[in-house]
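Multiple structures follow.
Common to both upcoming complexes is chain A, partnered first by chain B, then by chain C.
This part shows the complex of A and B:
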């Protein structure tokens, strides 16, 4: 029983760690977007306001993918272990 | 403080205000949802406050970073943005962990408001159309 619970907890922690790999993507994407925006503003300085506004919205959208990963990781750490252990205990009880 | 605030780009201020106001409205709706579902208690309110402030603050910090980044060269700008994104993601992770670990916060009420800026951006075209 302890081994099964240990495997469940370990897999949840491993899954949470794997989910957080997705947090790398938005950073790279935002970095590329900002670099392109710098180039655009360099070419047309008068469009700075429009570019900044569009960039902000784009970056916020890109960040959401990182947030999804974060939520999955949090649920895997705080919610899933208790639920899965309860399911296991119920199955063994039956 | 006032001097620092005056240095912030008007676009960043405007967009942050829009995101903060929509986050506030959606937070009220979230409270109403919890009330209707009869799951409301003070932990929901505190969790919502923590999540909402984090979401709006995260957008504001991103705006400040973008403002700083566009004044630099391409490579340093990209590096600054990557660093900022990592730090802000860690900040949100810490807030989410606090929300689930401390009994005075409802974990779900902390996490749900983190998505409100995304919803605010999603509904923006409709609001702009109405204004026009």
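This part shows the complex of A and C:
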């Protein structure tokens, strides 16, 4: 019984960690976006405001996939263990 | 005469009280009704009570209460800013109000075009509500935007707006737009249609929630660090989490203030882009023109007939 609960908790934590590998993608993408924005500002300093707001906008959109992973990780850490343990207990109780 | 001089001041004070009071009520509710967490805990919204309804109970949570408090507070802010408007402004707050309105209108016009100029109040409301909801975390209350239900509600509203403006050119054109560029991509187009509100809701919610979670983790870590380093001090001196003072505030500037305002701006921006992007203004206007011309031709023919009869 303890072993089963331990496996559930451990796998939930492991899954959350694996899910956050998705953070690599937005990191690289946003880095590229900011690099391009810096280049553009260097070339045309007068268009700094427009470039900055567009860059922030693009960064936020690129961040979405990372945030999906974050939501799944949070669910795995805070919601899933309790639910799964309850399911296990119910199954054993029957 | 004196009464007239005193009255506006008191109204001002009343309005300022109206801004601050809801936040104070929220803090009081939190202190009185929510059991204090032992140590640092990450929990969802506290459920105050549940209204029994035929289809399952309707829980009244911290989110709803705080959202209403923010709305009441914002209402008083607006009343305060727009009180006693004059043609030649002499008050600072009128300058501020005019600046806000002008900036919002400029933003809407530059992103959506002239046709959607009436959208400025809606976009302003979205911006204000979202920003103030996120900034509520500065007062220690539960920010409503870190609950998925709130942002999902807004995103569904935006989804209906997008669909309405896509439908405006006729339902056949709307259905046809799914078969572009190739008909067999229609399922993917349907999925992307529903992915819009989902991604908007998750983006806003995830950013605010991640800020909260990281702040809590940071506070815990700093508490542990100070216990590790300063734990040898005698008595209660060793128990004071010294590193927790001030340091988390630096990160809070990014996670609470910058992230909250940025997400509000992005939500409003995406609303504008999606609504304006799904609606072919030129086509709609040319269609309207054709209709008008047909109608005017008909009326003119009728007029000619009538005149012939006469």
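Observations, loosely collected:
Heads up, the rule we're going with is that the second predicted complex is superposed on the first by the 94 of 94 C-alpha atoms of A that agree within 3 Å, B and C clash if a C-alpha of one lies under 4 Å from a C-alpha of the other, contacts with A are read in each partner's own complex, and residues count from 1 in each chain.
Here is the rule we go by: contacts are C-beta pairs under 8 Å (C-beta built on N, C-alpha and C of every residue); 3 or more make two chains touch, one makes a residue touch a chain.
Keep in mind that what you see is a predicted model, and the values were worked out from it rather than measured.
Partners chain B and chain C clash in the overlay (superposition on chain A). Greater residue coverage of chain A by touch, when chain B is weighed against chain C, goes to B. Once the two complexes are overlaid on the shared chain, A:60 sits against chain B and chain C alike. Residue contacts after overlaying the shared chain place A:74 against chain B and chain C alike. Listed for chain C are the stretches 45-53, 81-89, 171-179 or 279-287, of which 45-53 clashes with chain B, judged after superposition on chain A. Chain A uses residues 56-57, 60-61, 63-64, 67, 70-71, 74, 78 to touch chain B in one structure and chain C in the other. On chain A, the positions that touch chain C within their shared complex are 56-57, 60-61, 63-64, 67-68, 70-71, 74, 78.
Put simply, chain A touches chain B in their complex at residues 23, 26-28, 30-35, 37-39, 41, 48-49, 51-53, 55-57, 59-61, 63-64, 66-67, 70-71, 73-74, 77-79. Residues of chain B touching chain A in their complex: 9-12, 14-15, 19, 58-59, 62-63, 66-67, 69-70, 72-75, 77-82, 85-86, 88-89, 92-93, 96-97, 100-101, 107, 111, 114-115, 117-118, 121, 124. Chain contact summary for the complex, chain C toward chain A: residues 42, 199, 202-203, 205-207, 209-210, 213, 262-263, 265-266, 269-270.
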